[in-house]
Amino acid sequence: MKTKPLILNKKKFEFTSTHLLLIVFAIVFVVFTVMIPDKFFTGKNFMTIAKYSSVFGLIGIGMTFIIIGGEIDLSVAYIVGLSSMVMGTMLQTIDNVVLVAAAGILVGLVCGIFNGFVITKLRLPAFVVTIGTGQMFNGFAQLINNRPQIQFSNDLFREFSKINVFGVIPLPFIILLAVAVLTWFVLKYTVFGRCVYAVGSNKPASRLAGINAAKTNAFTFAISGFLCGIASFMVTSQNGSGIAAAASGAEMDAISAAVLGGASLAGGKGSIIGTLVGVFLLRIISNGMNLMNIETYWQMVLQGSLLIAAVIMDSVKNNKDD
Amino acid sequence: MEDVKANRIKGKRFHMTSAWSTFFVWIVICAIMAVLSPYFLSVKNFLSIAQYSAITGALAVGMTIVIVGGGIDISVGSVVTLVGMVLAAIMPASGSVPLMIIAALAIGVACGLANGLLVTKLNIVPFVVTLGTMEIFKGLAFLTTRGVNTPFNNLDFAAIGRGYSFGQIPNSFIIMLCMIVVGAFLLKMTPFGKKIFAVGSNATASKLAGINIKKIKLSTYIICGICAAIAGLISTSQNSAGLTNSGDGAELNAIAGAVLGGASLAGGSGSMVGTLIGVLLLNTITNGLNLLGVSSYWQLVAQGAILVFAVIVDSFKHKS
Amino acid sequence: MSELLKLKGISKEFPGVKALQNVDLELNRGEVLALLGENGAGKSTLLKIISGVYLPDAGEIYVDGEKKNFKIPADAAAEGIGIIYQELSYYDELTVAENIFVGKLPKANRIKVDWKEMNRRAKEILARLNVQIDPRALVKTLSTAEKQLVEIAKALASDTKILIMDEPTSALNDAEVKSLIEQTRKLAGEGIGVIFISHRLEELFAVADRIQIMRDGKRIDSFSMKDATPEKLVQLMVGREIKDMYPKGEIKKGDVVLEVKHLKNKTLKDISFSVRAGEILGVFGLMGAGRTEMCKAIFGASKLQEGEILMHGKPVKIHSVEDAKKAKIAYLPNDRKKEGLILSQSVKENFASAVIDRYTKGKGFIVDKKRVDRNADKWIKKLNVSTPSGDTVVETLSGGNQQKVVVGKWLETSPDVIILNEPTRGIDVGAKVEIYKLIEELCQEGMAVVMVSSEQAEVLSLTDRAIVLCEGRLTGELCCDDYTQERLMEYAIGGGA
């Protein structure tokens, strides 16, 4: 999607996964609008979607970095949970909101660095390692207070997620857009960003070209951890509690969104804009199903199916390229 | 550079003895526990370790076969939950134990078939496929009982997981041992097992040697599904209930058990005896932590850390 | 002329292979040095040591008279050593310009890539090479030849003092080769030292000032190109008269065993040929000609869209390798480590891997270990495989012995036709001769052999008849008086037909 303008002598119109994604997006949108117009097509509902999209969008953007670099992280939901519990606990005694938020984000960053370090230093398969570290983070999150949830009463902290800019746009959404623009710039215009693509596209060659592939991959994990920290701050503020399972299933959402948005699990491909469209699509589906009172269990089934569908699309695409 | 070299040398030693070194670690942990807890070194406690090893053991047998074939299945925990929920749902209608067993195995075959077909027909990375199906199976499990823990009362059925034979030997442990023996026979003695090793070591070469790699891979996922279903049977029987969280984190233990026992995530190596030792090691640690009154949350941390540790050991083996 | 690069006493050993033994090399400023040797002579290993990919076990490297210790490729790059690898190392998902500057993207400031500047400079470099490629195009949209040119541009992009080209012309056509040679001479004129590897002797005469010949991991000789003749070079490279190497007995040819008609798929465009019992049919072509694809299509490992395969005159349906096996076709892949062997398994397991279903007892459920052992012993003896035992892990054997394991594995299926894809790639001369003898013996026993090779000498000497492929097409069939090195090459680059 992003690299397309670069091709000068590109053939005529070619139907790509991006188009498919946009069409699906439009169809889903129209279906919900027709089926539940009074609940779905309202300003208030859009604000809700925007708010939830912010949390999953940040996690998805982090995942996009990791996937472009050719890796994966299955621990993101637990990073958010650990950070959330840390913030919830700190708020019991500390009133300084900035300090608490900073600490929460730092926790995310540290978790990301830990993942990146273990995986790249020792060259381990990321998916198993992050299953393991995810469980560790999950354990730590519940250890802090010996329970999986802790409420707090700091109003200022709760207030953050309720702020609307110009009275209509939720602040978290503004943050998401800001992060999206920044990360888009990083991926497209910075040396680091291009190195992420290079490493994901051909790791051995990158090493020969003098790119520090391990460091590049480690950085993507750190970025993802950092963004998980911010996402955790948002979701904790929304919930008014530190919750270890605050983002449960987020890894699946994030991977689905990134892959739907054109990222390839083989690495080297993906874009921020694609991921964002993917995130919105998933959120709208989830929102619409909630409004139609469909059981959450069906949503679990759908979530898993969407992940597999996204990956099937990716694999079909790759086979065609050959 | 020097570091890498040092690791390589260390790795070689691990390679020679991966199952044995796990066995050694197990003995050390037993010794430490014996000092820390007077209760640890009792027959009763060891039988209890044996009883509770059965679920992880059953899962690890299937996982070992999948891993040897070069795949992975992280949906096994959800299969355990699904089996529990479905059995709890049909229990009021009929308490027949054979029916339960057939139902469970059918679920296992279906789940394994789904995973296997997605992996082989559509050529998708196994961990993503099974990540997706993990969620799907769990969703289906919750749909069966609307996400409610469902206890039941069926003494015949409870005997599978809680009964004893030959005096004090837990039935569940006997089931697991049988599975280990069958698994070992399959892997070591049959052409099918040889092919699993071949496919896991080098799929391209295996294909060019005329092995139907898709069929082999598909079979490993079906076997893994069946093993997960048996684990579900044991778990449901031990709990006398279908519990929403009965399979949570089970995949971690299964992978860790297999890898600690010498199975390599790169495929093409692994053994059932090693897996048995790996599973016993894991359950001894859990048992020890319980005896010492360590918080269950620490046990989550330990569970994750052991998996990471197992993978690190595995990677050293391969860098040599 | 001053000395730019000097290697002294370089040795390198891999498990089972002494890749390099005490090799020296000198390269002067402004000089093009040709490095000549057969496959497996150690050229690629030597290049990888110069560029810091491998650490030598012994020996010293001097750049500009200073002793250097390359630990990683970046160390060599920092000394101005640029290399174009035989296996292309491009990035499909990045643009041409990015590929050229990868690892050293031009920056507008400390973090930002200067796309404009990068595209401009990429265009300049491409113009220097006389190629018309849009620097903004994604590399995956380019042809193989274009990708190769991008690789060359990549090496030129940095401040290169020493440029190493490992078979840079293997995928290029005549005009492109000519332009590349011109470019190389021009670069030498600018004071760059070039090490040029190619199997095409005529190219070496056109481009090189001096030549160094390697054989079996050793430096054989080095002299000025003026003193070289093709005959002398070939003799030094092979180490003996070619005639001595290839056995050539009179073999009576039987009936047609394998015949293929109009094979077509994504790569192949209408290929037909036939081979008789006791005959060796040569298949020649350059990189990307579709040789391997053709083998795999016949062997059921690759899909065919159209075409017919006949065994002993009867059409057979081959949709999978199992089908091919049943039809008594065997295939020896060109990449024995990736496709031919299961490296981590033992010799006997590899010998049994194609026939494991037959070595069973108990109604096919249990592997008959005794038969597996006996089978291994039989082939170890018959093929003279030098291995401590059948339980040895095949990875530790030398290339030649590994190749024998693959051959034995297929002979155990008792095929009627065997397709050998580069059977002597990466093995030493002694083992080569053994393989040649073996092929000859197979023919005497009445097997039909299809031998794919990229070594002209090998094809010419071992076979009486060859087909030549270019870009998936059959461009010619050669035999008798027509069967010369010149004609082979002419057809291989698409001429002739």
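Letters A, B and C name the chains as they come in the text, with residue numbers starting at 1 for each one.
Just so we're on the same page, a residue touches a chain if its C-beta (ideal position, glycine included) is under 8 Å from a C-beta of that chain, and two chains touch if they have at least 3 such contacts.
Note that the structure is predicted; figures quoted are calculated from it, not measured.
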(message) Count the C-beta contact pairs for A-C and for A-B, then tell me which is higher.
(response) A-B
(request) Taking CA centroids for every chain, report which one is farthest away from chain A. (result) C
(request) List the centre-to-centre spacing of chain A and chain C in whole Å, with centres computed as mean CA coordinates. (result) 44
(request) Please compute the C-alpha centroid of chain A, do the same for chain B, then give the distance between them in whole Å. (result) 30
(request) Would you tell me which residues of chain C are touching chain A in their complex? (result) 51, 53, 73-74, 77, 85, 89-95, 98, 102-105, 107, 111-113, 115, 134, 136-138, 140-141
(request) Over in the complex, which chain A residues touch chain C? Could you list them? (result) 3, 6-9, 189-194, 197-198, 200-202, 204-211, 268-269, 321
(request) Would you tell me which residues of chain B are touching chain C in their complex? (result) 1, 189-191, 193-195, 197-198, 201-202, 204-212, 268-269
(message) Give the list of chain A residues in touch with chain B in this complex.
(response) 72, 74, 118, 122-125, 127-129, 131-140, 142-143, 146, 249, 251-252, 255, 265, 295, 297-305, 307-308, 311-312, 315, 319
(request) Could you please specify the touching residues of chain B with respect to chain A in the complex? (result) 72, 74, 118, 122-125, 127-129, 131-140, 142-143, 146-147, 249, 251-252, 255-256, 265, 295, 297-308, 311-312, 315, 319
